[in-house]
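First chain A sits with chain B, and in the next complex the same chain sits with chain C.
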Partner chain A sequence: MGEMDQMKKEAEGLKSQIEAARKAAADTTLADAASGVAPAPRVQLKTRKTLKGHLAKIYAMHWATDCRLMVSASQDGKLIIWDAFSGNKINAVPLKSSWVMTCAYAPSGNLVASGGLDNMCTVYNLKTPVVKTVKELDAHTGYLSCARFLSDTEILTASGDTTCALWDIETGKQKTVFLNHVGDCMCLALSPDMNMFISGACDSLAKLWDIRDGTCKQTFQGHTSDINAISFFPSGNAVVTGSDDCTCKMYDLRSDQEVISYQDAQLNSGVTSLALSVSGRLIFAGYDDFNCNIWDSLKGEKVGVLSGHDNRVSCTGVPQDGMCVCTGSWDSFLKIWN
Partner chain B sequence: MSNNSANSNNLVIAQKAVKQLRLEASVRRIKVSQAAADLKTFCLQNAHKDPLLMGVPSSDNPFRPPKSCSLF
Partner chain C sequence: MTINALNQNGFQREQMPCLTKMERMIVAMQDPDMGMKMRNQRLLITVIPHAMTGIDIVEWLIQKYSICEEEALHLGNLLVKFGYIYPLREPRNLCLKPDESPYRFQTPYYWTTTCWPATELDYAIYLAKKNIRKQGELIEYEKESYNALHKRINHTWDFVVMQAREQLRASKQRRKADRIVLECQEQAYWLVNRPPPGVMNVLEQGPERKNNLNTRVQLNAEFYKKEIEQNRRGIGRNRVKSSICLESFVKFCEQYQAHDPIMQGSLPSNPWITDDIMFWNMNSDTVAMPTKLRVERWSFSFMELLNDPLGRKELLRYLEKEFSAENLCFWQACEDVRHGETSKIPEKVDEVYKQFLAPGASRWVNIDSKTMEKTLEGIKRPHRFVLDDAQLHIYFLMKKDSYPRYLKSDLYKNLLAKAIVPQETKKSVFPFMRRQRHSSPSPALVPSGGEDDGKAKSSGAAPTKINSSS
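What follows is the complex of A and B.
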């Protein structure tokens, strides 16, 4: 048993080393460094559109890269493709399994994907006369919590089986499996340069992965409960997480640590979703308490709130051009705000 | 599972954990002051291009149908 004790000792030593190195780099906090920055203006956004059509809780939404179309997924067993400008429904895709937890729009606009308690990621072609299933990606042994297309041929998934995977859509096989989390993976986000991705899990950790070599490069701790939402800061140098511990946090990749926490003593609902404005200054975070709070990312202050849903805000998204923010809720509606 | 194979399984897991920790320990870290400065700069330089921060004029708002006046 000597070797086991040796391993344990080395592990403890390395953990202390990492903690010490992080402390040595922590010569200030983001809030202190930003104390001279003018506060963000009080943000008062109005609902411009309410998208009605789903008959049950909405669990996910994702903008298309044209910033006009978007896909939403509901446990009414449908994916709806919306034209957000007009509020019209372009397509309704019936799902084999109504227990959907995620949806994604491919950058090309040709494909969408969904997945959930069926443990599969199903890819659909929107460009055929009738929407067709392209592939059922079946290998995860747990629910599908998140999916994001890299292109029409590759997709990343996060699963309740604690792994993330990169799939070849044409062959339907996993090209790479990302192993390291010890809790259900709940969310993932692609880096702006598409070489890395970040995952958040029920082990309260966020992990940065190299897509091509399959390795976990960095692990970020600090949350005390499941991480439900994650996003890259637009520069690609930081990530923002949202958790059941009622806080959001920003971790800087290059200093390898948490640089600010977004929390309020009066907020005691978990964070379900988050999205950043294009400059990275505003964080839109959806909570279990039916609201979406707006945070000044540099100063850590709440600068606004989006109230209007009658149930939990389950998903948020800002399109690439930053012209609005969309919130989706268990009340079955999606709202567009700006 | 015999005790021996359970032990060797645990050892493999421990070895992988140590390998991962070694990798993460070797990361080059910059000072938070520098990281913060870069985050600040990015936000400020891109602020004017951020419609949610700057506000969207009604005439340019694609989510708001333009109000038109017809003169007969």
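What follows is the complex of A and C.
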């Protein structure tokens, strides 16, 4: 075993060198850089709509690009397509497996996808007279924790088998498999220019991947527990993560390091989901303690709370036009705030 | 969430923080001075001591926390669902009825907060006891569980039956009233920890997860070799100074603040607040005249212009005047190849070649010879990314050359001047009553010089004068 220990030591040694290089690039802190910025005033958002219809825990939701429709997935075995504005249910798609953990809306609005403990990602066509299953993407050996469409022909998935994959929906095959995480992958997010994506996993690392060549470009550490939520800062140059260690962190891609940690001594529940406002100034983070806290991304301060759910906030989403925030909870309701 | 909540760096994550809060409430309810008034309740022929009615609970909550009845009922329901209070009548229906129905506090031994793992063994013993006590007392789902457990832990079944018999024998030596109380408590505990089908499991935390400590990835020599390689590359990467990076975030937030409806409201109004969809109509893809904010946004970055279909249309008009429209058309055709159907790729690539790349093509694009050579070679075996290099070259050409000139052009400047600044929606039902039509009563606005009247006036916004309401 001497050889393995040596390799381990070498890998660790290189890691320390990377840390040193990062320190060298860190010539200022976000607190200093944002010192001239006025603090965001206390944000008091009200519930504008409550979407009732699910009969069990809601695990995921995703806005459509038209900013009015959305899809939600619940362990009652249904995907519901909502016109969130009117509160009407456009479609209720029955799922083969009720243990769903994620759902996604395609940018075109034609397709939705779901997946969970069945290890599969199922893609549905919403535009046929009756909602039909287009493909069942079956190759992961662990649960499906997150899925995101790139277009009507490609979809990215993150799985409990520690891999992420890019699929060709037409053929139903995996085109690229992204291997590098050591723990279950829990979340992923696409970069604004769609050339990269980031993933968060139970090994407490966030990784940046090049979609085209399938390689891991950067790894960000700092969390001490599972990363459950991840998102790009709207400029595409930073990444925000939420973790079971009760903190959110922002990592900068260009200086390759953690920039700030959003935490509070009184907050001792894990972060389950997060979403950013259009300017990136506000971070909406859903927690285990039934609340969604609002953070000022530049100042690192809590500026508001969305309270109203009876159980864990499992998913959060801001539509493309940034008009509101949607929270979904294990209490089976979705709330729109603004 | 993972059961293995790591305790590193002093951050101990609390499992289900709602439980400690409920516990505090329950303790307050049992305070001898300020707590609930208890009485004896008759249950059939037996008298159960220390019980209270549903309505008592609701009233106590209303009084103690100064809340309304709806909220008190809601809170009380949660206390019952999580097993801190249980009903004596209809024990399997875990909900709070605001009437004379009797309820009792669960004994701390069975409190959910103790997170005592309710193991299969314990459940088996409980079911076995029920079965022995009275044949046929097990309900359908309990019978199924019992049979399933019998199969699964068959090797310890003798122990299960022995324990069950022992516990029953011990309980027979208690007074009847006590025995009934203990049975009720145990039943309530199992209803929370093993809910009947159809009832939501309040204690469920999601599937078990694998991490560094129990990973399924083989941490072998191959793995460490890859780690070393990756780290070596990591050392060599170029790291931009933090000062530059962080400055860019600050600038970005500032620039986009006026475009962030949650931070700064939106005109004519936010549809989610006013139920008026005017905003969406005015900003649709096919609108004849765009809003000023939208046209301004095109100047933030080339991506903003390209991502907006209206922006692309305008750019095309400009490029046509400059006789370089083929660049944008080529870029769009490449996008179509990249994101379109796999089966259509070969024919699309062929079309692109004929129109844009072939010598003497009608819309020939000016790519450097090296990229052209590589692309022409690549399209012999067309795939989704074969046009990437060429597309990138044209993208940068437009970004560096056409885009800045477009922003300085009359076409753009005129559009910006003519662009609409929506009037704030003034829909009054009664002429003397003005309903507030902009963002929430306390919107997230940057206060500027003491002005706190809720209007959007800040450095980055379009120079509009919004009529102030009185």
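In this section, the second predicted complex is superposed on the first by the 327 of 338 C-alpha atoms of A that agree within 3 Å, B and C clash if a C-alpha of one lies under 4 Å from a C-alpha of the other, contacts with A are read in each partner's own complex, and residues count from 1 in each chain.
Quick note on the criterion: a contact is a pair of C-beta atoms (placed from the backbone, for glycine too) under 8 Å apart; a residue touches a chain by one contact, two chains touch by 3 or more.
Note that the coordinates shown come from a computational prediction; the quantities given were computed from them, not determined experimentally.
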* Check whether A:Thr224 is in contact with chain B, with chain C, with both or with neither, and answer first, second, both or neither. => second
* To do: Quick one: classify A:Ile336 as touching chain B (first), chain C (second), both or neither.
  => both
* To do: Using the superposition on chain A described above, determine whether A:Met7 touches chain B (first), chain C (second), both, or neither.
  => both
* Asked: Which touches a greater number of chain A residues, chain B or chain C?
  -> C
* Residues of chain A at both interfaces, chain B in one complex, chain C in the other -> 3-4, 7-8, 10-11, 14-15, 17-18, 21-22, 24-30, 33-34, 37, 40-41, 43, 45, 48-49, 68, 85, 180, 216, 218-219, 233-235, 237-238, 252, 254-257, 259, 277-282, 297-298, 318, 321-325, 336, 338
* Asked: Across the complex, what residues on chain A touch chain B?
  -> 1, 3-4, 7-8, 10-11, 14-15, 17-18, 21-22, 24-30, 33-34, 37, 40-41, 43, 45, 48-49, 68, 84-85, 180, 215-219, 233-235, 237-238, 252, 254-257, 259, 277-282, 297-298, 318, 321-325, 336, 338
* Sort out for me which residues of chain B touch chain A in the complex. => 7, 10-11, 14-15, 17-18, 20-25, 27, 29-40, 42-44, 46-47, 49-53, 56, 61-64
* **Complex interface listing, chain C residues touching chain A** => 1-2, 5-6, 8-9, 11-14, 16-18, 74, 78, 200, 202, 204, 207, 209-212, 215-217, 219-221, 224-228, 230-232, 234-235, 237, 239-250, 252-257, 259-263, 266, 270-273, 277, 279-280, 283, 303, 339-343, 385, 388, 439-442, 444-447
* **Parts of chain A lying in touch with chain C, wherever the complex brings them together** => 3-4, 7-8, 10-11, 14-15, 17-18, 21-22, 24-30, 33-34, 36-38, 40-46, 48-49, 56-57, 67-68, 85, 101, 117, 142-143, 150-154, 160-162, 168, 170-171, 180-184, 186, 192-193, 202-204, 212, 216, 218-219, 224-226, 233-235, 237-238, 244-247, 252, 254-257, 259, 268-270, 277-282, 288-290, 297-298, 303-304, 310-311, 318, 321-325, 336, 338
